[in-house]
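Should a chain be cited, it is by its letter among A, B, C and D, assigned in written order, with residues numbered from 1 in that chain.
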C-alpha cells in the first residue's frame, strides 16, 4: 500500500536504512536461503536499530543474523532455520530462549491471509485451519465466530500491515519498477500489504530496459531503491549467484559458540568494519568467490559442488 | 539377478514415504523436508506418474530437479518444471480441500498425531526454540491427509533418563492430529482428515479408526515390536497382522540413488542409524 | 496568434473533466467512458505528468494508446504501457483508500450525486434495463473522490412532458453519492468521500459542504443559470460567484485532436449538442 | 477448483458443450468486446441449453447473444452493453424487461471478492463498499455485521462458485496448460473459483512449446480443451484478430428489430445452419475477413480502420 510517484527513488543504503525506525514492523523478503536483503540488514545492524518486529513466512540466515545483530524485538515468522543443511538457527534460538526476542510464531497461510487482508483493504480474513493448534495462544488478536453462511466454526485473522517491507530484487529502475524472478515466496504480497517498500536491487537498469522486460511490480508500489550488487549474499540471488555455503559454514561456527564469539568473529569482521559493497565483496572472497557462486550455470556438476563447500 | 544388493535405511525410508502417495493426487512438501522431497520425485517417476507434484515453497509444478539441494528454496527446485505458481495458490488448494497430501515431522509426536515443531517448554519459558511449523499448522488442518515422518523414533538414553520423540503429550501442539488439545477434528470443523501414515526408522504406522491413535503396521527387517514399544512413550496399538514391509526392487533403489546424488535423504539421521543395511 | 480558433463542446468537456484530476494521484476509468478515457490521457500529457493512469478494465499502467477505440477493453489500450496489473489490484487500491479518482455517469443523477445505471422502473417491473454499473457501486464507495459526468443534462421535451437526467429521485441507486437511500456516507462507514465534481454539457458543479448537494460553479460561454435550472428537476445551489469557465489554449485543444483521431469523445452527445462551437 | 490430471483433455465443441447442464451457473471469460468464448455459446444455443445463470463482470456481445439465443435464465453480470460503440444490449434488455431473464446485477469488485472467497476456499469475504447502493436489494444472500476489529459496518459476501467457467485462451496444449495473454479481466479468477473449466483455444500447441513459453494456467486447473480457431469471433482475440465491427453492426440491426428478426436474420444464418468452424469462417467472410481483422499489426492507420467498419 502507499502510492509513490517520485521519478527518482535512488538512495544510498545508509539513507534507506535510516528511514526504518526502532520498533517498526518489518517484512523481510525472500525465504530460507534465497534472495534475502542481507546487505540492508547489515546496515541496520551498523546503525544500531533496535526492537524490530519481524514478520514473514519460512526464513533462515536473515532472521538469525538480525537476532545475532541485536536489532530484533519480536519474531512473527513461521519457521527460522538452516533446514537440514545446518540445522537450528543459533542466534534466533538464543534470542528466544533468553527472552531477548518475543516469540510470535505464526503459520504460513495465516500470514498469507493476513497480508491479503491488508492488500485488499479489508479488516480481516476468515479461515478454517489454525483451530486445534497452540499457535492460537501466541495470537490473542485472532477472533473466533460461527460462519453465518455455513454454521461452522471459523477464525478471523486481522489484516497484517508491515510498516516497511525490505526486498532484494534482481532488477530495479530508478522510478521503482521492479523485476523479481520467481519464486517470489511472499515478496509480492509483502510489497502490496506494507506501508513502505524499500528495495535493494542486484542491478539498476534503465527504465526502457525494464519496461521492455515487463516489470513484476509497477513503480508506484515502491518507496525507495538502493543499488546493491551482491546484496543478498550469503543467500542466493539467481541467476547472479547461488548461496555461499562456505560463508554460512563459517557463520554457523561462531554463531553456535555464543553471542560474544558471534560478535567478535563475525560481526566485527563482516559488518562493523565493512561499510561499502566493494569492501564486503573483497572480505568474503572477492571476484574469485563471485565467479564461483555464478558457476552454477556451467552445468549440473558445478552446481552440485556449490552445495558441498563449507 | 540373484546377486546380493544392499539397501540403506535412508533408501528404504524414502520408499516407505513414497508408498503413502497415490497417482492422480496433489502433493506438496514443506521446508526442512529432505526425505519427502526425494520420495515425492521418486513416486512421480514410478507409481504416481500423473501425481501433481508441488516442489516445496519454490512452488514449481512438476519440477525435474537435476539433483536435490539441502534446502527447499533454491533454483534447483524449479528446473524442468511444467509451470510456476505462487506458493499462496498451493495453500488455497488446501483450504478448498484439494491438496491430497503433505508431509510433516516434529520433535515431539503424540499418539493422535499432534506434532510439536515450535518449542520445548512453553511460550513464557522456552527451553529450546525449535524452528517452527512453517505451513504445518494450516496444512495439517486443511490437507485431505498427510504423512508424518521421523528419523528419530529411537529413544535416546542420557544417564538413567530416556528421551522420546513419540511422547505422551507434546509441550506445544504446532500441527494438528486427530484429537487436539482443543477437541476432535470434527468438533473443530477442520477441512482435512488428518494424518493417515506415520513412517519412522523403526516401523510404519497407520491410525486406528475407532480410537484415532497410532497403530503399528509394518516393521523393518531388523526391528521388532519390542523395539517399537521400547522407544515409544505411549503404547501404540499393534495391528494383528503386523509384519515386515515389502522390500523394493534393485531398480527402484537405483532410481533413488540417481535422483539424489548428494544424498540429502541421509541428512536427518543420527549417525548410527545410517549403518543399517538390508539385503534384497 | 490572434487568429480565431474554434473549439467544440466535446473538446471543452474533455478539458473540464481533465481539470478534476491532479498530478501525483491515482486515477481509473470504468467501462462506457469515452470522455474520461480521453481526458485522463490528456491530463497525463499536460498538467498531471506523474499521475498514475490506469487505462480501464484492460488495466495497463500509464498506457500510451496510439488512438482511442470506442471500447475500453482492447489491445489498443495496453500499448506503450509501463506495466500490466490485473484489474482486481485496482479495486484493491480503492478498498485501501488509495484510488484518488474515478469517473461515473448515470441515466439518472440526483442532487446528492447518487446515480442510476441499472434500470428505469424497479427490479420487479423493469421498464428499461440499463447496462449496469460495472465497478461503480464499489468504487463510488471506495474512491477518495470521483467525478460525475453526463452529456445529457439538457432535459428532453416529449409532448408536454419533460424528461430529466438530473432528477429528484433515482429509480434505483447504483452508484452512491453523499446521502444514499440507506443513510449518509459517514453513517455507512464508507471508505471514500464521494463525488466532488459534476461536469455536464450545461455547466460544472461541485457540492455544497453543508447540504452535500450539487452547486453550480461554472457555465459554458453559451449557457446560462436559467438553462441549468430549466434542465434540472431539483433545484441546485448556485454559487455566488458562478461564471464562465476558463477557456483552454489552442495548443491544449490540438493535443486532444491528436490523441483522439477517431473522435470517440463525441460519441456520447445528442447530435444537436455537437454543433456548439466556441471561439478562443 | 477441481483437480484434473488427464493427459489428453481434447474434446470436440459438441462434447464439451454437452457437459454443461440446464440451470448451471456459468462464468463466461473475456469481457466487453474481447476474447469471449462465442463459438462455445453458439454451440450451446444449437444444443438448446436452457436457464443458464450467467455470472461475471463487464460483458457485451456474449451475454447479449446468449440472451438472444434463449439459453439464459439469470444474469449476474455487472454491466452488459456495447459501450458507446453500439450502445445498449438489445437482446439482454428485452430478456430483462420481459422477465425472461432474472436480474441479479452485481458490482465488479463484489464479484471479484466472491470469486476470491471461492478460490481461497473460505466461506465469505468482508467488504466495506456496496453499502448505500440498491444493488444489495438484488442480493439478499449478502449479510451485514459489525467488524469485531474496528467496530465499523461491513458486508459479508459469500463465495461464488460457478459450476463451469468457459474461457477462450490464445493457446492450450492437450494436457490443459493454457497461455492467456493479458488483459485477463476475470479469467484467472474464474478458472480458480469454478468447479469445472472448459477452454476453447485459438491454437493447440505442443506441450513442449507451452512449457517453454510458460503457462499462465497449469494443466490441473483445466477440465477440457477444445480446438477452436476463430472461437472468439466477432469479439477480438489478439494477436490473431481484432473485433469484427462490421459483423457486430449487422448483428445489432437484427437484434434491435426484435426477437423474431434476430432469430430469422442472425441465428438461422450464423448459428443453426453452421456447425463447423470452417463453415462459420466462410459465412462471416472467409480468409479475406480473417486477414482484414489481423491487419491491426500493420500499423496505426490499419488498426484505426478496423474501428470504423460497419
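Going forward, contacts are C-beta pairs under 8 Å (C-beta built on N, C-alpha and C of every residue); 3 or more make two chains touch, one makes a residue touch a chain.
Note that this is a predicted model, so its numbers are computed, not measured.
Following the contact convention of this document, D is the list of chains adjacent to both chain A and chain B.
When the C-beta contacts at C-D and at B-D are tallied, the pair with the greater total is C-D. Chain B and chain C, compared by their mean Cα positions, are separated by 60 Å.
Work out the mean CA point of chain C and of chain D, and you get 28 Å between them. Computed from the mean C-alpha positions, the centre of chain A lies at a distance of 41 Å from the centre of chain D. Our note on geometry: chain B versus chain D, Cα centroid distance of 44 Å, whole angstroms. Each of residues 84, 94-95, 142, 191 in chain B touches at least two other chains.
Each of the following residues of chain A touches two or more other chains: 116, 120-122, 127-128, 152, 154. Chain pairs recorded as touching, per the definition above, are A-B, A-C, A-D, B-D, C-D. Across the complex, chain A is touched by residues 113, 116, 120-128, 143, 145, 147-150, 152, 154, 156, 158 of chain D. The touching residues of chain C, counted against chain A in their complex, run 24-26, 50-52, 61, 81-85, 89, 92-98, 142, 191.
Taken in their complex, chain A has these residues touching chain C: 1-3, 5, 7, 119-122, 177, 192, 211, 214-215, 217-220. Contact residues on chain C toward chain D in their complex (touch as defined above): 30-32, 34, 57-60, 66-67, 69-76, 78, 84, 86-88, 91, 94-95, 118-119, 123, 126-142, 172-176, 180-183, 185, 188-191, 261-262, 264, 267-268. Of all the residues in chain D, the ones that touch chain C in their complex are 31-34, 57-58, 60, 77-85, 88-89, 92-93, 96-97, 103, 105, 107-110, 112, 116, 127-135, 137-138, 152-154, 182-186, 188-189, 236, 238-239, 242-243, 296, 300, 303-304, 307-308.
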